[in-house]
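A short worksheet on the structure shown next.
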Amino acid sequence: YMFTRPPMEKPVIRILFASTQLAPPAEQAFMVELLTEFYKETGIDVSFLPFGYVDIANKLEAEIKAGRITVSLVGGLSTEIDFFASKGLLEDLGRFGALGGRTFLEAAIRAVEDHKKIYGITTFVPWMTATFVVVINNKAFDYLPSGLTKDDVVKGTERWTWDAMLAWAKNIYEKTGKRLVGLPAGAGGLLHRLLHGYLYVSYTGYQAQKFNSPEAVQMWGLLKELWRYSHPESTTWSAMADPLLKEDVWLAWDHTARVISALKTSPEKFTVAPVPKGPVGRGYIVVLAGLAIPKGAPNQEEAWKLVEFLTRPSTQARIAERVGFFPVVSEATPAITDPGVKKIAEGVTAQLGARDSIAVAIPPLGGKAGDFIAIYREAFERIVLKGEDIGAVLSGLEPKLKAIFAELKMPEP
Amino acid sequence: MVKIDLEGVSKRFGSVIAVDNVSLSVSSGELFVLLGPSGCGKTTILRIIAGLETPTSGRVYFDGVDVTDMPSGKRGVGMVFQSYAVWPHMKVYDNIALPLRIKKLPQSEIDARVRSAARMLNIENLLERYPFQLSGGEKQRVAVARAIAVEPRVLLMDEPLSNLDALLRVQARAEIKRLQRELKITTIYVTHDQVEAMALADRIAVMNKGRVMQVGTVDEVYNKPLNRFVAHFIGSSMNFVEGTITDRGVDIGFALIPYSSVPDELVGKKVSVGIRPEDIYLEPIQGGVVLKGRVVLIENLASEYIIHIDVSGTLLRAKTKLYPQGEEVRLYIHPSKVHVFDTITENRIHIA
Amino acid sequence: MVKIDLEGVSKRFGSVIAVDNVSLSVSSGELFVLLGPSGCGKTTILRIIAGLETPTSGRVYFDGVDVTDMPSGKRGVGMVFQSYAVWPHMKVYDNIALPLRIKKLPQSEIDARVRSAARMLNIENLLERYPFQLSGGEKQRVAVARAIAVEPRVLLMDEPLSNLDALLRVQARAEIKRLQRELKITTIYVTHDQVEAMALADRIAVMNKGRVMQVGTVDEVYNKPLNRFVAHFIGSSMNFVEGTITDRGVDIGFALIPYSSVPDELVGKKVSVGIRPEDIYLEPIQGGVVLKGRVVLIENLASEYIIHIDVSGTLLRAKTKLYPQGEEVRLYIHPSKVHVFDTITENRIHIA
Amino acid sequence: MPSPLRKHIPYILVAPSLAYLAFFISYPIFYTFSLALFGNPSPMVEVMTSPRLGEVALYTTLIIATVIPAQIVIAIFASLFFLNRFRGRELVLYLFIAPLAINEVAAALIWYTMLSSSGFLNKLLINTGVISAPIYFFGYEFIDRTLLAIFLTEVWRATPIVFIIIYAGMQMISRDYLEAADVFGLNLWQKLRYIILPLIKPYIQTALIIRTLFALQVVGPIFILAGEYVRVLATEVVYWYSMRLNPGVASAWALLIGLVTLLLGGLYIKLLRPSAGAT
Amino acid sequence: MPSPLRKHIPYILVAPSLAYLAFFISYPIFYTFSLALFGNPSPMVEVMTSPRLGEVALYTTLIIATVIPAQIVIAIFASLFFLNRFRGRELVLYLFIAPLAINEVAAALIWYTMLSSSGFLNKLLINTGVISAPIYFFGYEFIDRTLLAIFLTEVWRATPIVFIIIYAGMQMISRDYLEAADVFGLNLWQKLRYIILPLIKPYIQTALIIRTLFALQVVGPIFILAGEYVRVLATEVVYWYSMRLNPGVASAWALLIGLVTLLLGGLYIKLLRPSAGAT
């Protein structure tokens, strides 16, 4: 990377920042830009090193063992940090005290608390987040079913349920003759997240525990029904931005990163809403990235300064605009200038801040993640697409699901 | 059974004029031979008649119908290519049979024709071979067999027997002639072999540099060559002597060839006088002019001799079966076998 | 300047025996002609000498050194392929020049040799053309020019002039002969043209079905053919008459060819008697046997006639320059020009 | 080259390349085998008993068996067409070859966009009144039409390669042979059947091998056009490798691709053995 | 075919295919252009001013400029070698072609496994005492060696295609021409230089075009062997399309690939214009 460093005036402190996130080149470039500003401000020269998750773990372990630690700050998903913590690789950040001028979102705080419960230390500071939202073409509001208002949807009230969404889709279909719900059921789509992290949680309270249960059967029934009003091309869509823009669909559920381009292009067309809730609650997945300091790391004070810099509302706003990860502090959203990004950020904030929400994390299954996902997708294919008997399919797949967790000696989430 | 007419046909390849304003008429059922030096445009004319080449200008007629733009396959011609163009991926049998199959002849007829053509060319035992397993002459015979087996309306043969030995050539020539006569196939035959040309031809066209120099029967071309080129080209190479026409005949320095009726306007004209070696006799002939010379060299051609004779400083070649007795010889020339050409235009001067 | 020896060379292609136990010896600097019917193995022999084909058995020696396994390029041969094998992607000039460039001759020498070879074959004006822009005869001349320009130790020519007209052929032939003599290049020359063979050859080998039938000078082969095949093959096709040897000569039914000293053991033998058309005279000759016959057909070959004569039921052909007067003719044959062959072995019987 | 000694020269000349063959070619091949065959359960057994095998075989066969013949036929006719020298030939030729330059993923996207329910084609047909409701090409319910779209995309994108090879072959046919065919009255079809096709057999063979090879490896376009629901050998490799994180089973599928390729390759070589005489 | 009327026949015969050309070929091409060029900011402008362009150009050039020439050279020598008929020839030939049947991703994985620090090669070398510490081929610090690994993988995997094409070409050379070369004393190199190479120019051209085309599209192996640190045109397409979900910029990169392909294709055609005479 060629960028001209400013002339060295004061003695420079160099720290290494290893991260599993923002590895793609353009995001790296953005980080370098951001860190240059940090350097100008503090005189601390940060080297940003994108690494694979396994590599960081190995590196930290080796360095700690050898007693020669080079990395001062680690960025990663909360689940990855969980793994580092479980190996005792992290410092307690409790001693640095609170960061002023920012309010962390409910869900973020909860995640930090969870870790504290297990490891007894503050393992990380929330850094940024991503989640799944519902994006609505404003035209759809003309077809709201009785008993549902725009406000319900935007604010995510009690009445904004999966059943309500079904009624809405049905209403649209009956009035327009079109199937305007969109789901990312294509090859690269994240449909499985909708299944285990949203619908299952909303209907059964768990991602996997009650895989084969009457509640689950009810949920699948709803999805089958909803599919009838979903665009048939959904099975080829891996991201909803395009179908939304082309108005192939009016109601779409997808990951924030996968709808952002639609909102950036035509922010005025769309509304971003939290996801609907189910009988048990508003289940949703939160993907949270955090910052941690390795045990015995050099220049910890400087690292903390960097943590402060990265969680500042203004920095958070810029991250949201440039790389599509969303703020974890509520002050950041108003600072976002791009109207599309801002809309999503509002949706995310609404979702992360909702009281009845059940936030779950994607279970860290390592090599078994693929098998886990495959079970949900197979259920979808057989129940929804092929119309097989719900009970039979679920009973058939349940042992496989249980086997995964048994093998990993993990509780079923 | 087709009459072929070329009308002012020319063909240029870039700056090369391969055929230069040729008009020809080949009668129906005729065997017409094209003779001429290498590169004079014979192949090009055949290709134009076959429809493989579009003339740059001029028209081609079959039985009076303009076929200049008719696709080759529709013209009903059979052709022996100079390069044979035997299809390499087919056995000899199939090479000969394919054009017949295309015509949807019954299987038995095809088989009969293939075998009869193969018999004519002595390749019956090669029918199951691929072309790469054949010698040069064998390949050439396959090409000939293929062309005659289709019994075309027009047969075009481009040096079809050039790679055959004398015996086989005589045999094949006779077979071709027989078939051609029997089926009355209009045939145009390119050859370099003058004996072949004479043995076969109803008429001959002598070409040079893309032009037709003379068309006529063998006799006409041989005995009354229209110009020096034809005289020189046909037969074994002619003796040429410079001379002048006088009122009593042609004065060639060392002799006077007497002519009785020399038109006045010709007197004094510079001429080239051509005499064929075979027209120079070592024994007296009736009405012959006598020359005296000295034998310089004798070439033995097994059945005859070419005798080089110095006649007052001019070297003449005589072809004879008799071995000359002694060095000094007398030569006899008959005025009717002497060809007189204008030195400048090179055209024949008729004189008797 | 190389002496070439073949020792019991055979070549089979699958079940086909192309060359059958041939032993030959070509002297250094000799011009040796291979003659024989199409498919008799001439090309195969050349290819074996060139090193393009490994003999199935037998050995090849150059100056006594076994070269049977020597790679072609090392043998110092130049070859004119029957199919020309002119490289299609090179201009004529480069085709002729490439082998010289390979030899690292100086540029000026290359240019001189290319131009001189081109001049010899009358293709100077074609040097800048690609092969596809040439006529058949022109391509053939390029192949010849390429082979002679390298001035090889051994020159192999496979029907090098078959596509040229008579005049050019005579010219080219003379040039080749001159060059060959001058540089003393051992040359093996395949031709179907007997006139060419006779004009060029120091010695001739007559082949048939992969075997050598006779090797000798032109005179030997023509005048003393070792067997019926050679007699039949060489010269214009011979008249054959069945006969029996008696103590006074050979009885051919309608005449007796008298011989003075017939060995006793031959008397009563059935023989084939061969007489060449050119050895049958229509005018009296000294010591000739007289036959009476009736003219059946006269073929006009322009400079001479082939006269078909019925002699007591046997058809004889005579070649003559004289047109016969009347139907009834007398024929004269000289016993020394009569060839006698054993009817069964077909070998010559020496008798005088 | 006659000498018995010279017969060894090629061997000596290529001793290094033989070592290369032995090591760099054989080792990786054995490695794939071991990855695919050993394990508990053996991935290969898993694949062979998997319920998806039938489906995969069906779709793979369907695509290979329609796309490749179509491409060969189109390429042959295009080659015949381009052998004629006509005005503007070069331009048309370049246009015809142009799709080659487009990435397969890009090509699939283009066709997806063109054929999707709100795409160009439907708009055109609706606006011109040919149809009133859009024709769906994509989605699980319309899997037959999706196959058609895959067919079109593949043909569009990859025919030029087949064309380049076959065209090169046709250009090599000596003009003499075609002229002889013309003279003897073979029409275009007969010329094709009796002269051209037999002579370009080696090219058709090359084209078939190369195309089969690549057709068996196509993943991106299928994922784009059909999502997960048209499963072929290659998508299984990717699926097992990158979604299921199971290199063993992925290798087993890859090995199957290899086997099918070799099998078809052998078949082509057998069927298209050049006639003995064609050099 | 002389007739002026017949001159039109090809046009008439292919009217449908011309329509096909006009619609199915041109439209998608224009579509890519529009996707790549229009937008705010124009993706093309974004690409052309992106700081990655230099890096991408460097690596793309490096890979193309080493892999393809190496493949052509290897393929030419392999073809020469396989023209000799020797015992076991077929077997060696099949072995040589075999990598063709291996999926590119699988091939990359195999090589990764073989060359990795704990892989087969290092084990072999360490066990035989040639080296004492493993040689690293992969990782950001060893990017030069990673390029070598990419080179090896690509050459291993894709040379057989080049070989098949060039071998077909060499087999078509009339034996006469080679025999004439033998007789006139051309050695192997001279024969190659003066006779064989000029005659197989069209094949080398075809091979170059096809290989360049595919080399410009290789993604999987690069991701596997080099992670994200060796950026070439094709990886940018995939990156922007599936990681950044930005079809505009992806199209712009794809268009660049197309342009480079056409450019190189044009160059090959120009440089390898067959000598006027070679039919």
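We call the chains A, B, C, D and E, going by the order they appear; numbering starts again at 1 in every chain.
Convention: contacts are C-beta pairs under 8 Å (C-beta built on N, C-alpha and C of every residue); 3 or more make two chains touch, one makes a residue touch a chain.
These numbers come from a predicted model, not from an experiment.
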Chain B onto chain C, rotation angle from CA fit, given as a multiple of 5 degrees: 180
B-D compared against A-E, more contacting pairs: B-D
Centroid comparison with chain B (C-alpha atoms), farthest chain: A
Far-end chain from chain C, centres as C-alpha averages: A
Geometric centre distance via CA averages, chain C-chain A, whole Å: 96
Euclidean distance of C-alpha centroids - chain B vs chain C, Å: 23
Averaged-CA centre spacing for the pair chain D and chain A, given as whole angstrom: 41
Chain B residues counted as touching two or more neighbouring chains: 51, 71-72, 83, 133
Residues of chain A whose C-beta touches two or more other chains: 188
Chain E residues counted as touching two or more neighbouring chains: 1, 174, 182, 247, 279
Interface residues, chain B side, partner chain C - complex: 13, 16, 35-39, 43-44, 82-83, 133-138, 140-141, 158-159, 162-170, 192-195, 198-199, 218-219, 222-223, 232-237, 276, 278, 299-304, 319, 321
Parts of chain D lying in touch with chain A, wherever the complex brings them together: 112, 116-118, 136, 138-142, 146, 223-229, 235, 243-246
Residue numbers on chain E that touch chain A, as the complex places them: 51-52, 228, 231, 239, 242-247
Complex contact set, residues of chain D against chain E: 1, 7, 10-11, 13-14, 17-18, 21, 24-29, 31-32, 74, 77-78, 81, 84, 86, 92, 94-107, 109-111, 113-114, 120, 152, 156, 161, 164-165, 168-169, 171-172, 174-175, 182, 202-203, 206, 209-210, 213, 217, 234, 237-238, 241, 247, 250-251, 254, 257-259, 261-262, 265, 279
Of chain A, residues touching chain D in the complex: 185-189, 231-237, 246-248, 367, 369-371, 373-374, 377, 381, 385
